[in-house]
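Just below sit the structures, each encoded as structure tokens.
What follows is subunit A paired twice: with subunit B in the first complex and subunit C in the second.
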Partner chain A sequence: MSVETFVTDKAGLVKFYEAIMAGHETYAPVEKFGKFDFKQVKSLSACDPESPIAKTQSIKPLFFPRSAKVMKYVATSAGTDVSEVDEDPLAVNRVIIGAKHCDARALQVLDKVYNWDYIDTDYQKRRENTVIISTRCDKADTHCFCTSLDYDVENMNAMDILVVNGSDGKIYIKSRTEKGSKLLNSDVTRHASRVPEAAAAPELKKQYDSFAASFRLKMDYKEVNAKLSKIFDTPEFDSVSGNCVSCNTCAFVCPTCHCFKISDEKVRDTGVRYKSYDSCNNGYFTLMAGGHNPRPAKYRRWRQRAMHKFVYYKERFGENLCVGCGKCTIACPVNISIFEVVNQVAEGNRQ
Partner chain B sequence: MNYTKQIQDIAAKLFAEGKIDVFVGYRLNGFDDNHVPVLITDPQDVSKLVFTDKSVFNLVNYLKTDHTRRKRVGLVVKGCDSRSLNLMLTENQVKRENLYVVGICCEGVVDDAGQKMQNCAECVVPDAVVSDELLGTPSGQKPYTVNVDIAALAAKPLTERTAYFEEVFENCIRCNACRHSCPLCYCAKCCIDQETATLYNGANTTSAAFHALMTWSLHLAGRCVDCRNCEKACPSHLPLHLLHKQNESVIYENFQEHLAGVIPEDRGAFYKYSLKDPDDFIM
Partner chain C sequence: METLLVPMICKVDKVIQETPDIRTYRLKFREEGMMEKFKYLPGQFVEFSLLGSGECTFCIASSGTRKGYFDCSIKKAGVVTADIHTSLEEGDEVGIRGPFGNWFPLDDIKGKNLLFVGGGIGLAPLRSLIQYCIDNRTDYKDFTILYGARTSADMCYKDEIKEWQDNKSLKVMLTIDKPEETWTSNVGVVPKILEDVVKPVIANTKVITCGPPIMIKYTIQSLIKLGFADKDIITTLEMKMQCGLGKCGRCNIGSTYVCKDGPVFTNEQLKSLPDEF
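Up next, the complex of A and B:
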């Protein structure tokens, strides 16, 4: 793969984004009620690619929508007619700008589960047709801990194009995948100047080092993962989940949670079947038709959440499901931090 | 407003006398001066308790969880929290004899950014109305004012109001965090979660969000105490108080200045009958 590297300045970056918007369907963070969500935009003034990480929802809904139509049906006296839904609006060729590194990484993690067993063709199509442009954060937020996990934040190719704010107002644009190179080789980069990859490397490294030094939360991932995998029955889960109000918002804002429920919107004999988000923290999530619930207590549901993120997924797919974005902690009404939970549980076992 | 020392002492005393199994209060979140709720079962952890103007979350919510059910509970309540506790008692959700209530004469709390919360600026009942022990100096009931946002919205034409609320429902992600964080949403099975309910199907469509949020707000009409737990929980930062404050102002106007949970044993506006209730909408 050829790596394309460009350098430009603030004004050049604006022109770069504008050129993308002119030629492609573009999604970017749009503010509403003080919170940014990724929506289709036509002009740069309507969005903010530099939106603060703490106030931005993940890009997951662009690939796994909060509600997706599965099918339509009409009940007639002769039986039920099932028909395909309209064309998927998310499967067209598009570019996402302003994505955060952790969100981009989350999709890479999710690819594993979507390519395993049942292949979700809708998800595949959305992934294939999307170019993700991600700006590297300059500073970690209060609840961020991406650098403490099992992936290489600096060199990963989860995003197609990387944007880095260098020193002296210089901005580096670099491709990380074939798709990214293709886009950068088109005329969208006409306001930026091409530089050799090696020439930009020291600046990129310098920016990453200062970013990596700004983290409040740090942990030894291997140690935590090893400890958690051995302590299914620890009473610690009960104490760390004590003040959880089971509101489930953590799962809804999580960039990697992928549980869903099926529900119908019916009007007399016709209906649409939807696939929508659900959460393992819901009391009825594991409730079976006969009335048995294998996870009736809150701590069991919390254990499932924490262990799925930090142990089970790693065992099965080789990746940690949590990407360390801190969105769940920010959204939590009682500020339960997944970082704190896994560390406390792992720690508790030691004593 | 700082009652950290008093609350620690009360909790320690209650544990020493064997009067409670669990104490529900606040602790520091561990990295800045914001507070998170904590459920203390070990008397040694009493020193973790704090109470300042950062103690925002309504702890009455925890009376519906397994950690407190059928247990003797010590609880810290501010003015608004105590009103929701009053309703929980009236609606037979908790037994008074199982509770030891530390009431606070609240001077208003602040949000994460340090700004005084809007509901505190408009608070009518700052002093705890249910308590075994009252901390601080009671300042008495304040005059009722219509919420500023409701007043501002009411001044706008209908089309603008409709557009505004459409935006609210559009941005709802149907996580139901508002409902779960509400102290008065205690139904074992909420109507919004009924698998067969076609109105509230789990889909994240604007119409489903509209039906779910409107049903929720109407079930809380005459009961909402304006603690803003729902808004604190909303990941989309929706102005959910508008739904409740509108109901509250209509009820205050039409039902003999009824305010939820202020008087013990007082059932909600919709649960009692009075000859003075308006009936001009009945043909």
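Up next, the complex of A and C:
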């Protein structure tokens, strides 16, 4: 793959984004009630590609909608007509700007589950048709711990194009995938200067080092993986989950949680089927008709949540099902932190 | 995924009221030629939609060796199954996705003695394999079926059980929990009859069992006590499932997807899973 590197300044970056918006369907963080969510935008004034990480929703809903109609059906005297819903609005060619590194990385984690066995072709099409531009954070937020996990935040190719604010006041734009190179080789970079990859490297490294030094939270994920994998029955899960009100918000804001439910709704003779986010924290998640429930207690559901993220998914797909974004902790109404949960459980069982 | 969640339409060909709370629905695909394309093996399941009410997971209760239809036996147990019982009749239409999941280890059981141990609605997945094995009877040696229900009225497939009893190549034993005036067969819970009456041959025998979780638990204990190896005890798990595609996450036991890696497991495999089923 050819790596394309450009350098520009703040005004040049604005022109870069404006050129993208002029020629492509573009999604960016849009503010509402003090929070940012990715929406389709036509102008830069409507959005903020540098929205604060702690207040920005993940890009997951652009690939896996929060609640989407799956099909429609009509019961007629001649029989039942089932039809798929209208064309998928998320499957068109599009560019996302202002994605956070952790959210871009989360999609690589999700690719594993969506592409094993039955291929989720809808998800795959959305992935293929999207170019992700991600600005590297300058500073970690209170609940961030991406650099403590099993991925290379500095060099990963989870985003197609990387944007870095250099300490020299310059802005560096660099492709990380073929799709990214193709976009940078179009006229969207006409206000930036092409530079050799090596010329940008020292400033990129410097920015990363300063970012990496700003983390409050640090953990040894290998140690946590190893310890949790040996634990199943422990009272620690009860003590760490005691305050949980089972609102499921943590799962709904998580960029890697992917559990969903299928529900049918009918008004008179017409109905729709929805696919919507669900969570293993729900008491009814595994409840069967007839009353049998393998996870009837809250500590069991929290164990599933923690173990799925740090043991089971890793066993099955080779990745942690957590990118260290801190969104669950920020959103939690009772201040439960996944970072603390897995560390406390692992620690509590230290021999 | 969205596309994979859209079902095919089947017509209800026949409804059989098996017990006061179990009905068997005999289904045929509405679309011409679809029935022939619908290939499944004993142990697999479908996602069954009563459109407007919801989608449920049911095992296929018949064998692909019986052509032109497939059966789902449904016990009234929850919201959707209650709707099915009250509103779904002959000629009505349902949505079907599948077949999903693994199947009974057909290669492993070939040439072996077979012992089926079923309880209540748990006979449904066994019936698929029983029919398959009857249709390939020469592939197997001794063929024993032990089936129990709470009362004689709660026994499924009464007519078919009579056929099995009339088939000289099968040994069929029935039991109910408490004595009834007209009942002449065994009385007692399944594990007790298994130990006291069936007294199965252990060597070269594969046991296939399904029933309520509590029955499976005690049946497996009895089988182990009798001397069966974990790998020779095969069961099929009841687990909450929705997508059937290894995506929606609710059938996970540890890193196992029951909808993909199961629902059929040997006791050896079950022992390696976290105790959460």
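Everything below uses one rule, namely that the second predicted complex is superposed on the first by the 348 of 351 C-alpha atoms of A that agree within 3 Å, B and C clash if a C-alpha of one lies under 4 Å from a C-alpha of the other, contacts with A are read in each partner's own complex, and residues count from 1 in each chain.
Just so it is clear, a contact is a pair of C-beta atoms (placed from the backbone, for glycine too) under 8 Å apart; a residue touches a chain by one contact, two chains touch by 3 or more.
Source: prediction; values computed, not measured.
In the superposed pair of complexes, A:Lys261 makes contact with subunit B and with subunit C alike.
Once the two complexes are laid over each other on the shared chain, residue contacts for A:Gln304 go to subunit C alone; subunit B is not touched.
When both complexes are overlaid on chain A, the residue A:Arg216 reaches subunit B alone and has no touch with subunit C.
In the superposition on chain A, A:Ala331 contacts subunit B only, with no contact to subunit C.
In the superposition on chain A, A:Ala91 contacts neither subunit B nor subunit C. Touch criterion met: A:Trp116 reaches subunit C, while subunit B stays clear of it.
Once the two complexes are overlaid on the shared chain, A:Met288 sits against subunit C while remaining clear of subunit B.
When the two structures are aligned on the shared chain, A:Tyr312 is found in touch with subunit C, with no touch to subunit B.
Annotation for subunit A, partner touching more residues between subunit B and subunit C: C.
Contact with subunit B, but none with subunit C, is seen for A:Tyr277 once the two complexes are overlaid on the shared chain.
Overlap of the subunit B and subunit C interfaces on subunit A: residues 261, 263-266, 278. Against subunit B, the residues of subunit A that register as touching in their complex are 32-35, 37, 57, 65-67, 142, 216, 242-243, 245-249, 251-253, 261, 263-267, 272, 274, 276-279, 284, 297-298, 331, 333-336, 340.
The part of subunit C that touches subunit A in the complex is made up of residues 1-7, 9, 30, 49, 51-56, 75, 77-81, 93, 95, 213, 238-240, 242-243, 245-250, 252-255, 260, 274-277.
Taken in their complex, subunit A has these residues touching subunit C: 68, 70-71, 73, 75, 79-80, 82, 84-85, 88, 113-114, 116-118, 120-123, 232, 258-266, 271, 273, 275, 278, 280, 285-290, 292, 294-295, 300, 304, 307-308, 311-313, 315-316.
Residue ranges on subunit B touching subunit A, taken from their complex, read 29-32, 34, 36-39, 57, 61-62, 65-67, 167-168, 171, 173-181, 189, 193, 195, 198, 201-205, 207-208, 229, 232-239.
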